[in-house]
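Below are two complexes that have chain A in common, paired first with chain B and then with chain C.
What follows is the complex of A and B.
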């Protein structure tokens, strides 16, 4: 190849390059190597933030979460904060769990039923496009706007007041588009012939949908659900105007007794506090939240793989 | 109940998808306890014909039809006719094996449970008898709880046949049941079809002429939506009356 010869002749070769050229005979192979390096660099840049975040958060918060002296470790999560924010973050941990559970109880059935309706019970057409378009737009709405909407609609207009109810309903608005779309995707990937096999046995549409289609789509749906749960768990903006804050767990369903703390809100509030020991608690809470989200992702991964292996 | 001579009788059946006419005024009946092969080149309407018989085409919004299909003397398209009962009585096996993502056992018990069989012993007996009829029992009896998708393609197809038999339909529709399988699995299924005809009326779509001749008692030849010829298979194989049939079975069209 004349091209190769020209490259080799014209390159002022020092030792390293000569070795490289010795191993990678032609210009094409060098190009190949170059792209391999480029791709590896991209991957490193992609993965690095995860480890950097983990390192940064852990470097301050590690002893809060894993330490064994008083107020650290499990005690950090199980004691309520005192009046000047000494103590633990039990209020935020319990609050987040309450918010996420209520949001899921409202959001998941609604979105799964909605996805079933659009995918299985409507023909492609205007209704379907409208629902898909709206849910895509809703998925793209910034969370602070959802929070503002939650305040204007739930807190103010429906007079729910701030608290656990308004907060979790606002969170469910955030999870509905994600769960709806991933469920739709999972339903779409179920082969038509499975539905036909069920119908050909004399099954009704509902029986087919419930026993065959949803079952076959289950791994996809559960993955989408858990990813959505992991996401809303860490949302701060929707809660700022809707959930309030609390040093203990909510005792009522409405009124100021229903105000509820959450991990992300607590992190945000603590980290802007000038006191060093409060900032340390913010990092501890952040590490705790990070671990919870990680665990949920791992569960999602495990379920989808186990169920996939068992069923498909 | 009307008088009826054959399970399925078709009278002047025409169908359309949108504006495109797929079947043109087809009239015929299927003799009970025989295998009828429906052959024809791709796109001639074989599958559409088959899927009209158990009203599976109703799922397609643009589907329209004219004419009458009678099951046991009753018009299956008449208002108030139960499509669920119809499909319980007319089983179907599809081109590609499509077992449900459940265990082998649950694949068989799915249909009977839909129609109200809940007794565990009865279900166990059904599982065994259906799998035996489909010549699959010996291969899976030790592990009925294994996921059906783990079976080989040929086993899956026999499971699908067992599943179709589970609701005890007198009529079995088969839509090119072996075209997605390897020759050995295909051979097993062909043998099975011949065995099953003593208890069932089988209507099988195929584009494989040799297979139609091996397996069937009657053969229908569909061409561009017309029923060109319908007679004893041996007669068609020896001396087709229509030149289009001859062209197809000698491989000049199709």
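What follows is the complex of A and C.
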């Protein structure tokens, strides 16, 4: 574009700028260049916080997570914190894993089967749009509102009490819309001919769905599940009133023995603590959480990219 | 040849068909059960599955209804009580020890924080999206997109930690003194006031950083669905690349961008942990950008733990939750309307 000859009238201003800039031939092209520079600056500003956050968390947390002296490295994740929070964060790590696993066990089947129903068993219509609309609304509900609801409904009304059960059920509520929508998207991209071939061979709708459609949509579903797991892993607000906190791993299913710590909650509690060594542990925990979440996100990204490449 | 007799039987059949179609509900269930008994094993599983899938399909609907019911049920006492009433929305005094539950400061705080965040994130994010979809060299696009997607995956507590440890001291020690001593900006009333960094602007900035990935990703997608022919037509008329991007591509992608802005608005109002850690949480209406501020999500997080034994106090907190929920539902509906508008006028899925 910049090399095309222009036949504009040369004003004195244009002429001066031409002399100054040389190859940029008109004010409009100068504006074009200026716009381009502005956009490049903008993208640098947008991406910068990622590296700033990573640098800050890693600069203090690095030796907690990768160091080799006592209480660092793998020991940091495998020892329980003592009464004044020295020691590691095993309680939080185990707690997060427990919460995420239970939440997935509840959330994934519900949302995948729901997506199968609205994509395979219904025609576009009222049912479908109701389910789609409500899951979009649920995806937009603020996490603290879901936490307050979990407290009012699970802890208070159903008398589950705070603990691992109430916490993970609350997390599963957050998981459902994400997995449902991505599963639906994956099912939609399965070619209709595959289903028709299976039905033509005399398979029922049910076995077609299980053996053909779901299998073809599997990578897409896994991507959605991973994204949802990465998201709920870092959620603090829903857990504050539903999961409690604990210095050891939960030993019971109800009562105060079932209270459970989690990585995000631990980061929050540790970073607002005035003691310097506790704040360092917060950075270590944050780095651990960040690495877990980013790895999950990268895997999801990788799978989805490979799948799109295969389909195209 | 169709005899009279045949035609009558046909009519009868049609009639009986019609009767079959309007069978009563118990009859239909009975028929389904008979079918189920007569079927072989695969079809039995098929029939069971069809019914069984109904429950998971409506899981999210049931959760939304439950959330609405419970928040409404919990928020009712404060709206019915003489100490509260709907007037709490405009009452600025929050003092649970004297039964005064005005939530206006939190609403104002949330709106101000969100306003600053949107004011930073939307122009910046749009510029980033235009760069990604129009200008970006091919080799750079994939890594940039990946970084932005990873930014969206970073938990809010980690952003909060960074803001608490880095951004807040920076604002307190460097930015505020610089703006207040500099003769160019020192006279501006919004920049006055002592600060330790825990402030409205800290909340706005960290919120903007958290919104940027959403704005950039959705707007870049919307920009990329703009047909190539539109751009080519514009180039052919002699427009430069920037003119094409600003006047043609941007306006063609407007509905998608509108949806991106509204969705990020919803996220901004509902964001909890990061903003809780950096805004200072003081019960006042901020007058300058360096004043501390209390937002709706923070008050719930900070006080629900103590308040749940006091019915009115607890109810007021749930009323705030209900307002948040209604706001988020409105944002979702508006975003959907934007997308529908895009499909209608531009024929594309924003």
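As a convention for this text, the second predicted complex is superposed on the first by the 251 of 312 C-alpha atoms of A that agree within 3 Å, B and C clash if a C-alpha of one lies under 4 Å from a C-alpha of the other, contacts with A are read in each partner's own complex, and residues count from 1 in each chain.
By definition in this document, contacts are C-beta pairs under 8 Å (C-beta built on N, C-alpha and C of every residue); 3 or more make two chains touch, one makes a residue touch a chain.
Remember, it's a predicted structure, so these values are computed and weren't measured experimentally.
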A:211 touches, of chain B and chain C: first, second, both or neither? first
Partner chain in contact with A:29 - chain B first, chain C second, else both or neither: second
Partner chain in contact with A:248 - chain B first, chain C second, else both or neither: neither
Partner chain in contact with A:278 - chain B first, chain C second, else both or neither: neither
Which superposed partner A:191 touches (first chain B, second chain C, both, neither): first
Comparison of chain B and chain C by chain A residues contacted: C
Touching partner for A:123 - first (chain B), second (chain C), both, neither: first
Contacts of A:200 with chain B and chain C, given as first, second, both or neither: first
Touching both chain C and chain B, counted on chain A across the two superposed complexes: 203-204, 207
Of all residues in chain B, those that touch chain A in their complex: 54, 56, 59, 61, 84-88, 91-92, 94, 96, 98, 100-102, 110-111, 114-115, 147, 149, 160, 163-164, 166-167
Interface residues, chain A side, partner chain B - complex: 123, 191, 193-194, 196-204, 207, 211-212, 215-216, 310-312
Residues of chain A touching chain C in the complex: 1, 28-29, 31-32, 35-36, 38-40, 42-43, 45-47, 49-50, 52-53, 56-57, 109-114, 116-118, 121, 127, 130-131, 133-146, 148-149, 151-153, 156-157, 173, 176-177, 180, 203-207, 209, 227, 230-231, 233-237, 240-241, 264, 267-268, 271-272, 279, 282-283, 286, 289-290, 293-294, 296-298, 301
In the complex with chain A, residue positions of chain C that touch it: 42-43, 45-46, 49-50, 52-54, 56-61, 63-64, 66-67, 70-71, 73-74, 124-125, 127-128, 130-132, 135-136, 144, 146-151, 153-162, 164-166, 209, 212, 216, 235, 240-243, 245-246, 263, 266-267, 269-273, 277, 297, 300-301, 304-305, 308, 317-318, 321, 324-325, 328-329, 331-332, 336
